[in-house]
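Heads up, the next two complexes both have subunit A, just with different partners, subunit B and then subunit C.
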Partner chain A sequence: MLHVAIATRAFRRYSTYRAATLAGMFTNSVFGVIYSFAYLALWRANPTAGGYDSVDAVTYVWLGQALLMTVALWGGGTTDGLAERIRTGDVAIDLYRPVGLVGWYLAADLGRAAYHLVTRGLGPTLLGLLLFDIRLPASTAAGLAFLLSVVLAVVVSFAIRFLVAASTFWLLDDAGVRVMSGALAMFFSGMVLPLTLFPGWLGTLAHALPWSAFVQVPNDIWLGHHEGALLAALGFQALWALVLLGACQVVLGAATRKVVVQGG
Partner chain B sequence: MNQPLVDVRDLSREFVVRRRVAGRRRRVRTTVAAVHDLTFQVGAGEMVGYIGPNGAGKSTTIKMLTGILVPTSGHLRVAGLEPSRDRMTLARRIGVVFGQRTTLWWDLPLRDSFELLQRMYRIPDATYRRNLDTFVDLLDLGDQLDTPVRQLSLGQRMRGDITAALLHDPEILYLDEPTIGLDVVSKGRLREFLRTLNRERGTTLLLTTHDLQDIEALCDRVIVIDHGTSVFDGELSALRGRGGSSRTLVVDLVDEAPPIEVPGATHAGSDGPRQWLRFPADVSAAPIVAAVAARYEVADLSIQEPAIEDVIRDLYAR
Partner chain C sequence: MAEAVVHAQRYVDIAWLWIRAAWQYPASFVMLAVGNGLINLLDFLGLWIMFSHLDRLGGFALHEVAFLYGASSLGIGVADTLIGSVERIGTYIRTGRLDQMLTKPVPLLVQVCADQFTLRRLGRITQAAVVFAWACTYVDWSPLRVVAAVSMVASGAVVFFGLFVAFSCVQFWTHDASEFANAFTYGGATVAQYPLSIFPREVLVGLTFVIPIAFVNWYPSLFILGREDPYAMPAWFQWSSPLAAAATMLVALSVWRLGVRRYTSTGS
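Take a look at the complex of A and B:
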C-alpha cells in the first residue's frame, strides 16, 4: 500500500507542472511530424526496410515519441532527484527510513511514468492518428501486452537510471555518466532508428542489450511482430528488469557500506 | 539505569583519504579517524547536548547511531539493537531532524508528506490522528497543512519536519542544528515544544548544535567532542567550572579607589568607582565578597558567570 501511495503522489507531483507538460507535448508532436516525413521518405526508397511497411514505420515514430518521456529515455524522472540528493547529502534522510530505497524510487518513477504516458504519450499520439495513417494493435491481447511491456520498459529504464544516479556516491557528480548513458539509450533503444534496420552482428547485439526493452520491444509488440512469441518478448524485458534491479540493490548496499554520505 | 538507551564504547570510524602530495605522481592514501575511541551512554528520557567544533565527528557519530555508517571498530547499541545491521528495525524507533535538510516532499502539501510517513512507519490510524492533532496544535501548523512545502517559511518547514519526525512515537530523537536560521521567537517556541515533548512523553533527545542557547535552554547534560573523542561529559554546571575558566566579581565602590587587593582574587580592571575582580570558577565567592566588604565601602556587588562559549573555546583550545 505504501508503494501505491508513493506512486499516486508522484503522479500528482508531476501534474503540478502544467505548463511544462503542455510545452513537452508540443515538442513531441513537432518531432513526431518531422520523423514521420523522414521515415516516409526512407520507406519510399525501400518499402520493406527492417521488415516494416510504411504504415508500420510511421506508427513506430509516434509510439517512440509516446515512450520517450514515459521511459525517461535520456535521463530525467525521479532518479535525477536521487542523484541530486546523493550529491547534497540529503539521501541520508532517505536512508533513515524503514523502507528500501530502490522500491521507493521505483514506485515514484512508475507514478511519474503513468503521468507522462497519459499526457506526453497519449496527447501527441492522438495528433499522429489525425495526421497520418497509423496502425492500431492487432488484437486486445496485443494491446494489453503492449501496456505490460511499457511497464517493464519503465522498470528496466529506471534500473539503469538508478545505477547512473548511484554512481554519484563515488564520482560526486553523475553528469558525465548520465550523458553517456543517455547517448547509449538513444541509439540502442531503437529511438533514432528501429533496431531491425541494424545489419548483422550490430543488430543482434542491439536486440540483446537492455536498451532494446525501452522502445523496440514494446513497439514490435504493438505492431504484431512478436505475434506468437509475446511471452518471449515480455520475458526478455522481465529478465533484464530483474537482473538490473538486483544490481541496484548490490550497488546501493556497497554505497551505504563504504561511501560517506556527502555533506556534514 | 540498568540498560542505557544509547551505549557507545570505544567507538571508532576511520576514512581512507587520497591526497595529492607535491613531488609524488600517485596520490597518497592516508587514514583519518573521524571518531576515535568514543565512549558515552545515554539513558532513556535524558536530554543531552552533543557539541563540538566543525569536523569534530558529530555527524559521523550520528550517522553511526542511526545505522547509515558502519563503525570501523568498537561497541555500539541503540535501544538494544546494532544500528548498521538492524537499520530498518531501528528506523521505526528513532526520529531524525536536520535543520538544514528537509524530509518533506517539496512539491506536495504538508499533509501528503505526513500521510506517506503514516504508511511508511505503519502508524495505526488512531495513533496517527492523535499525534497529528497534538503536534499541529502545539506547533501551530493548522493553517499550513494544505500548503505545498515549497511555499512554507523556514520556521513553518522546520515545525513540519519536527512533526514528521515524531508521528511514529520515536523513543529517541536526534536533532541536528534544529534552530539554525530561525528568528528568536521561533527558536523560543521550538525549545519550549521540545521541553514539553521530553517531559510529557519521555522522549530522549540528542541535540547537536552550534547555538549554545539551545543547550542552556534544553540540556542538563553536555558531551563535548573534539578530534573525534569526548573531551567532556557531564552536567552543564560542571562544564562551567572547567577549562580554567573564571568568574568575575563586579564591585561598585562608593568612591574611586586604588585596585582592590583581597586574597583569592585578582584585580582585572577599574572604571571610576567600579572594579572587576577575577577568581576561579570552582571557588566559592562568599569569602571574597566578605573580604571586600570588610575592607571597602561597597555600594553594590554582582557576580558574572563564565560564558559557556568561553568555557568551550577553552576546551577546544587544549
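Take a look at the complex of A and C:
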C-alpha cells in the first residue's frame, strides 16, 4: 500500500511540469518523423531487412520514441535524486527509514514511468498513427503482454540506473558512469537501430544483454514476432530484473557498511 | 571590432576557469570525454550496420553519407562545445543566477555561453573529425572544393550557434521547456546526418527556407561530392552556406535581445 502511495505521488510530481512535457512530446515527434523516413529509405532498398517489413520498421520507430522517456534510456528518473543524496550525505536519513531503499525508489520510478508512458509515449504515437502506416498489436493478448513487458523494461532499466547512482558511494560523482551507461543503453536496447539488423555474434550478444529488454523485446511483442514464445520473452526480462535487483541489494549492503565505517 | 576582441578575451578567461575546475576531478573528466565519444562511435556503428543491409541510402554510398555525417557532427560538436551552456538559461532564471550575471561587467550572452564550459565534448568532435577525414579520402579534390569544404564546416558551426541561442530563448517565456530546443539543434544534426534525398520535398523546402539545416552540409556537399541535386534547387545555394549562417546568427541575436528585454527576475 505504501509503495502505491509513493508511486502515485511520483506520478503527480512529474505531472506538474506541463510545458516540459509538451516540449518533450514535440521533440519525440520530430525524432520520430526523422527516423521514420530513414527507416523507410532503408526498407525501400532492402524490403526484408532483419525480418521486418517497412510497416514493422516505422511502427518500431514510434514505439521506440514512446519508450525513450518511459524506460529512461538516457538515465534520469528518480535515481538522479538518489545520486544527489548520496553526494550530499542525505542518503544517511534514507537508510534510517523503516522502508527498503530499493523498493522506495523503484515505486517512485514506476510512478514516473506511468506518467511518461501516458504523455510522452501516447502523444507521439498518436501523431505517428496519423502521419504514417503503423501496425497495431495483433490481439488483445499481445497488447496486454506489451504493457507487462514495458513494466519489466522499466524495472530492468531502474536496476541499472540504481547501480549507476550507487557508484557515487565510491566515486563521489556519477556523471561519467552515467554517460557511459546511457551510451550503451541507446545502442544495445535497439534504439539506434533494431537489434535484428545486427550481424552475427554482435546480434547474438546484443539480444542476450539486459538492455535488449528496454526496447527490442517490448517492440517485438507488439509486432507479434514473439507469437510462439511470448512467455520466453517475458521470462527473459523478468530474469534480468531479478538478477539486477539482487545486485542492487548486494551493492547497497556493501555501501551501507562503508557509510557506517566513515561515520557518515 | 575591438569590442568583439575584448568579449572573446572575457569568454576565454571564464572558459579557462571552468576547465581548471573540471580538471580537479581527472577521472570524471576522462570518463565524460570517453563516454561522449562512445555515444557517437556507437551512433556511427549503427549507420555502418545499416549499410551492411544495403548499398545506397537515398542514392548515396557509405563514404558519401559519412561525409555528410562528419560535417554535421563537426558543426554541432563545435557549436555545442563553445556555447552549449546557453541551453541552461531556464535554470539560471529559476535559481536567480541570471540576476547575478546581469550585474557583472561582461555581456550576458558571453557569460551564459562560457558558464560551466566543458571540454568533454572533445570526444564527439574527435570522432566526427575521424569520420570526416576518412570520407574526405574518397573526394576528388580541387582547389574550389577545398574552399567549399572549409566554408561548409565553418558555416555549419555558425548555423548551430544560431539555433542553440535562438531556441534557448524560448525559456525566457517558459522556464521548463528547454527540451523544445533539442528538436531543432540535435534534431537538426540528426536530419543532416542523412542524405536529404530520403525526405519528401516539403521537408527539404522547410530545411532550406525555415530552419536552414540544409545549408549545414547538404548543399555544399552536393558540390564537393560532385553530385546532381536530386531536387534541382538553384545551383548558387551550394555556395550560400555563409549567407545562411550570417542570417541565422542575426535572427538569433535579435531574439536574444528580445528575450533579455522581456526578462523580469523571478524574485527568488
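Here is the rule we go by: the second predicted complex is superposed on the first by the 258 of 264 C-alpha atoms of A that agree within 3 Å, B and C clash if a C-alpha of one lies under 4 Å from a C-alpha of the other, contacts with A are read in each partner's own complex, and residues count from 1 in each chain.
Just so it is clear, a residue touches a chain if its C-beta (ideal position, glycine included) is under 8 Å from a C-beta of that chain, and two chains touch if they have at least 3 such contacts.
Since we're looking at a predicted model, the values are computed, not measured.
**Q** Just subunit B (first), just subunit C (second), both, or neither: which does A:Ala183 touch?
**A** second
**Q** Check whether A:Ala5 is in contact with subunit B, with subunit C, with both or with neither, and answer first, second, both or neither.
**A** first
**Q** Does the superposition put A:Asp90 against subunit B (first), subunit C (second), both, or neither?
**A** In the superposition, A:Asp90 touches subunit B alone.
**Q** After the superposition on A, what does A:Val99 contact: first (subunit B), second (subunit C), both or neither?
**A** So A:Val99 only meets subunit B here.
**Q** Using the superposition described at the top, determine whether subunit B or subunit C touches more residues of subunit A.
**A** Higher number of touched subunit A residues: C.
**Q** Identify the partner contact of A:Thr256: answer first if only subunit B is touched, second if only subunit C is, both if each is, neither if none is.
**A** first
**Q** List the residues on subunit B that touch subunit A in their complex, please.
**A** Residues of subunit B touching subunit A: 15, 59, 63, 66, 68-70, 87-89, 91-92, 94, 96, 98, 100-103, 105, 107-108, 112, 115-116, 119-121, 148.
**Q** Which subunit A residues qualify as touching subunit B in the complex?
**A** By the definition above, subunit A touches subunit B via 1-2, 5-6, 9, 12-13, 16, 88-90, 92-93, 95-99, 256-257, 260-261, 264.
**Q** Quick one: in the complex, what on subunit A touches subunit C?
**A** 17, 19-20, 22-24, 26-27, 30-31, 34, 37-38, 40-42, 45-46, 49-50, 171, 173, 175-177, 179-180, 182-184, 186-187, 192-193, 197-199
**Q** Would you pull the subunit C residues touching subunit A in the complex into a rising list?
**A** Spelled out, the residues of subunit C in touch with subunit A are 25, 27-32, 34-36, 38-39, 42-43, 45-46, 49-50, 52-58, 174-180, 182-183, 187, 190-191, 194, 198-200, 203.
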